[in-house]
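The structure's right below; bear with me while I get my questions together.
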Amino acid sequence: MKRISSTLTIAAMLTSTAMPAAVQAEADYSKYGIAKDIPGSCSYAAIDAKDYSGQTLNVITHAIPVIGEPTALHAEQFSELTGAEVNVVHVPFGDLFQRIMIPFQSGQNAYDVLFYASLWIGDFNRFLAPVPEAYTASSGMADVTDSFKGVATWNGQMIQYPMDGDRHYLKYRTDVFDNPEMQAKFKEATGRDLAVPTTWEEYNEVASVFSGFDWDGDGELNYGSAEVAKRDDLMFSAFISRAAPYAKHPDVGGGFFFDIETMEPLINTPGFVRGLELFVEAQQAFPPGGTNFGLGDEIFSFGGGQTLMSYSWDDAFIQAQQDGSRIRNAVGAAPLPGAKQVWNRETGEWDSFDEPNRAPYMTWGWSSAVSKESENQEMAFDFLCFFSNEANTFHDLQIGRFGVNPYRDSHFDSAFWQGLGWDADVADSYVTTLSEMEDSTNRVYDLRVPGVGQFMSSMANGVAEALAGQKSPQEALDGVADEWSDIVERIGADRLREAYANVVRLEDNEG
Amino acid sequence: MLSLKNISTTHRKRPLCNLSAELESGKIYTILGRTGAGKTELLRIVMGLDDIADGHLELDGQNLADRPVRLRQMSMVYQQFINYPHLTVVQNVAFPLRRQGFSRADAHDRAMAALALVGLAGFEHRMPPELSGGQQQRVAIARAIVKKARILLMDEPLANLDYKLREKLREEFPRLLAENADGIILYSTTEPAEAMQLGHEMIVMHEGCILAMGAPADIFENPATVEVAKLVSDPPVSICHGEIANGQLMLAGTALPEGAGLVLKGDGPIQVGIRPDALSIGGDMPAKVVLAEFSGSDTIVHLSLEFGAAVMLLEGIHEFKTDQSIQVSLDTSTLLLFSAEGKNITERRSNG
Amino acid sequence: MLKPKHFFLLPALLTLAAIILFPLVFTVRVSFSSWDVYQAGLDFIGGRNYARLFEDTRFWESLLRLSGMSLITVTLQYVLGFALALAVWKKMRGGRIFRVLFLVPMMTTPVVMSVIWRTVFHESLGPANDLLSMVGIGPVPWLSSAAGAFISVVIVEVWQWTPFMFLLLLAGLVSLPREPYLAAAIDGASPARTFWQVTFPLMAPISIGAIIIRLIEASKIMDTVYVMTSGGPGTATETPSYYIYIRGLRDFQVGYSAALSLAYLVLMIITLTIIAKVLMRFLVGKET
Amino acid sequence: MGRTYHIIKYLCLLVWTAFVVFPFLWALSTSFKDANAVTSGARYLPWVEFEPSVQGWTSLFASGSQGINIVTPFLNSASVTLLASIVSLGLGTLAAYGLSRYSYKVGFVKNSDITFFFISQRIMPPIVLAIPFFLMLKEIQALDTIFGLVIVYVALLLPIAVWVMTDFFASIPKELDEMAMIDGCTPIGAFFRVVLPNSTAGLVVAGMFCLIFGWNDFFFAFILTFTETQLLPVAIVSLNSSVTPWWSLSAFALISVTPLALIAIVVERFMSRGSLAGAFR
């Protein structure tokens, strides 16, 4: 929770001398921690020129620090610059959805600005104000990658304001992979050369070899893989990453989770089952308690040097690369492992691939939007625009705990990351991995439909049951498929199909 | 005058049945009965604490039914020592006076006088829980009499005190109650001696009903029924079954010697009441000691006689062993005779 | 005119009714609607939500789990609370400090302490496994195995609420009459005998009250599960209230969760009434 | 035997004490750590095992985005809890007195049923009522206000007050209030002049329970406020992000727990005197 209690007085002080001060201070916004103001429609100078005194902006955002801290930071700056009172409320992820949804459904105008997970667009789109022309045409927006613009768009209209880029990719310890001793050890154990895994089978194999002994010599045991496996804590995304290459056939369109024609769930098809089998198998290489790891645990486990590999959002990688980290510059990034056997649901057969099939998961990430009910939409969009102005974004990208990750083409610049003290090969692997995902044509997106929460929590429950050994993977996913059918029936197949079409368009590269 | 007309209640534990009585001002009425006889319940309905299901309660001809407790001009002393724990002794006693509208100073003075009367001068600033049981009850009594209530109700006020204190306070009662001499005093007790000693009139209650009402001596001498006989004597009158045959009183087949001039009419079964002091040591009746207990300076001996069980009261301390065989004698002059149904049929020849 | 007996009861009764009536009636109404994330409104779908509920094994399993969990935690709390109360009942050196410390956990916010406990049980970074490894045990899969998670939740519940039992039982012990103990001492009864024949029976009424209240509160167990395990692993620690929360607020199936809630409420009221009656007969040997 | 018994008893008490204080000590230790100290395994002693840092504590009072500003939620929590406790205690005490002294009967509903109605409010899991309460408060425009929370908290706390006070009044002999009426008080006067002044112990216990359950409630505070009226538990949980600042969170937790922990001292004092006796039965 964060209330900017002193802002009014500060803002009043500023605005009383506003005009002269604005001119005078033009050159120097460095007190806000940015390197320099970058000109643009929402630059410090531009926002400084606006006066919103006496108006109030209510903002709901994630808990501190991920997204929550930059929200509070920029809210305070915005308040100082414009004289507006900005109230920010921080909510843990698990409850963010309902905290936004309850007021929406009851018509209570609780928040002007919302920061939330982009996959909820299917539920929220009816309550969001479209991003006005002036902002979609801004220089900052022009630089946002196509895929993140796509994520922000619903039925052809941009209704989310991109301020973060997210994807899952593989992180690994280069110091281990490059270590001849470790290579020999791996060879001895498996008869193969140690290499960055290109399939999930390989991933599991590498992970299990490097699990349970102290390979970095710090006196603590090390393990193979840290994964988000705690039910109700984003585990569904980990599972999608693992299952995607087996279930997303590059030549088969028309839906990943559902067959868009029939809205039949595909979640218990062999591709997903295979992904789950491997997920279950991978548990043996988890650190103690690893099956109950939430995202935070995963970040600290890999970022703290406990585990060899991990995959999910940028956070663990950035954590590892933080100034003062014990494993700084001993990490590398790579695309998510793929699969050599891919289920083709049209033919009902497994297809073999020589080069592993990759299906990058364009995981949901943080997004922002303005409520349709808001009485201060202009100010709200100004705030979001200011939040994501170039100067602020470069600042936020540098601080791992902020959770703001590359989403503009200009962010895929190795030099920028090297400027933060990253080794060149680390920065290169990072930038390459990220930008290549943008170019993939076999991408998987989240199920951005109404009731996504129900679908994902049902899936997470099934996966959790399989991980805990309560059910076999096939049984567990059959159960999920049944529940999904029920949900489809309850919400309505047509309504879902209409929403799901937005996703399929992106996946089939038609958007 | 307080009159009860056919009052009954449906109280869960002790329903009262059809009570009628007229109580006059300036008199002390003692209510005698065992625990659970309905004494407390009677006081509570008079006080207005419990509702009457049927019947009338009138004070000086006015119906009391709708008059709230606080307007009934009554006061009460409970068996438990009820005082206000958060008030000092003198505040306790002044409390009812203040409610009656006396000024603070006036109430204080009267309360001090009442405290002096009950012998608690000097204790006025103590808190009730700091006092002994006897002292606490004295505070309660002072508070009850200081109001000069129209009716003063005392519900076994001595029951929770030990023997010594009980005796002492009982001796003071006539003096204390004189304070309320104009009012009606209702005093309930389980002890026959207390009831007889204090009461101008005695009301005997049993199982929710009034069995007898009248001068204590009359009731004692001539109890109307077996139950009354048992109740008004402590230790109780022993009841044995016998018969009258040929003008003789037979107990367990043995004819009792003629004495004291009892009129014995009609043949048939009969109940014989033997007062505890009618039996004495020495004589020709064989008896077996069942139990001997001491009560103050007396000895109460439970005996098993040929014709049944009986209690013997002996002055002074006597040692007996259980099952000891002794010889006793029976003074027939105080025997009570009851019909098989329990009605008193004792008749003494006037020259006897 | 307002009668005194109404003056006392009515303000609270009416206040509570005013506050609770709308939500309750509303919940009943919602349970017959399909209110969910997309359709926010009071349509009427008959008893469909209730029909669904009967086939929802996850709900019934969670109820079963809850009965086990609350039985275990409340029993432990009662036994430990009683033992602690007996231990510090009589005057002793340091008694005050012990008593104050033993009370502290119940004063703390469950949701906050659960966060702390989660770090304690962290399997590789937390102190629980670290300390156990010093005596050669472990690592214990506290939160990642079904049994471990269940035990962790029980430990935290016991930590948090044993003080409640302790407080009630100690307050009861302090106020016990002295006479029966004198009698027992004269009879030369052993301490164990004195406990079973004097203390325990005298404490029966207060024990029942404490157990019932704890059962009521324990049935709602939510904060601990919410923070520590999210009902996992699998569904190993999922309780009805957490499940209703998942359905109602995570999945936003408002209609269905209302049906679940009402079913839960009715079941709980019946169960608790029966338990109260049984305890009453068992411990006091009389009817309620 | 006496001696061994004593040693064993003290040992057991010490073990339990260790169990009780352990999470607090752990939180205290954590509050002085930084990210490296947290991620490098279990560390206990500052200076010895890790280099202490005070950022956890300073962040609570610092202004700016990292400052969590503990003061406002603290005051909010205090106002809501106190107001709701006072209202609940007032209404609950009156109702409990009525229930313990009079018999009510409406149709088949009797005293025990009314008492059960009060207590049964506690059986309901809070989620059940979250959305209806939201709509209700919206209707009276009390969302995100202290007033709105107080309304809801009264529903939560009233049952507790009624429960404790009913038990307490059962332990006060009814002859006491009868005496007051005999001495000239109205029934209501008897309650205020005589019964209430002798109910301190019960009021303390009931008040304490109201404070505990009010202060520690998380769920309603969470759903029914937006930005203006944040309460402490909600503020703490808002630190529970995927990259949790454990140091701030631990320091925050310790601060939020302190005021009520002090109540334990008061309660102990009352308890030792035996004056809580009647409060539970």
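Note that the chains take the letters A, B, C and D in the order they are written out, and that residue 1 is the start of every chain.
Please note the rule applied: a contact is a pair of C-beta atoms (placed from the backbone, for glycine too) under 8 Å apart; a residue touches a chain by one contact, two chains touch by 3 or more.
Predicted, not measured: the structure shown is a model, and the values here were computed from it.
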* To do: Moving only to chains each one touches, count the minimum steps from chain C until you reach chain D.
  => 1
* Give the label of the chain whose average Cα location is farthest from that of chain C. => B
* Counting contact pairs per chain pair, which pair wins? -> C-D
* Mean-CA-position distance for chain D and chain A (Å) -> 39
* **Approximate Å spacing (C-alpha centroids) for the pair chain B, chain C** => 54
* Structure fact -> Taking each chain's mean CA coordinate, chain A and chain B are separated, in whole Å, by 90
* Find every residue in chain A that makes contact with two or more other chains and list them. => 95, 98, 106, 220, 300, 306
* Structure fact -> Contacts with two or more other chains occur in chain B at residues none
* Asked: Listing for chain D: what residues touch at least two other chains?
  -> 38-39, 41, 130-131, 135, 186, 237, 240
* What are the touching chain pairs in this one? -> A-C, A-D, B-D, C-D
* Residue numbers on chain A that touch chain D, as the complex places them -> 1-3, 5-6, 58-60, 62-66, 68-70, 72-73, 75-76, 87-93, 95, 98-99, 102-103, 106, 108, 110-111, 220, 234, 294-296, 299-300, 303-306, 315, 319, 322, 324, 326, 400-401, 403
* To do: Going by the contact rule at the top, pick out the chain D residues touching chain C in the complex.
  => 9, 12-13, 16-17, 19-23, 26-27, 30, 38-39, 41-42, 44, 91-92, 94-95, 97-99, 101-102, 104, 114, 117-133, 135-136, 151-152, 154-155, 158-159, 162-163, 167, 186-188, 191, 212, 215-216, 218-219, 232-233, 236-237, 240, 246, 249-250, 252-253, 256-257, 260-261, 263-265, 267-268, 271-272, 274, 276-281
* Asked: Given the complex with chain B, which residues does chain D contribute to the contact?
  -> 173, 175-176, 178-186, 194, 197-198
* Asked: Can you list the chain C residues touching chain D in their complex?
  -> 4-9, 11-13, 15-16, 19-20, 22-24, 26-27, 30, 80, 83-84, 87-88, 96, 98-113, 115-117, 119-120, 124-127, 129-131, 159, 167-168, 170-172, 174-175, 205-206, 209-210, 213, 216-217, 219-220, 222-223, 227, 240-241, 244-245, 248-249, 254, 257-258, 261-262, 264-265, 268-269, 272
* Sort out for me which residues of chain B touch chain D in the complex. => 47, 49, 68-70, 72, 74-76, 78, 80, 82, 84-86, 95-96, 99-100, 143, 147
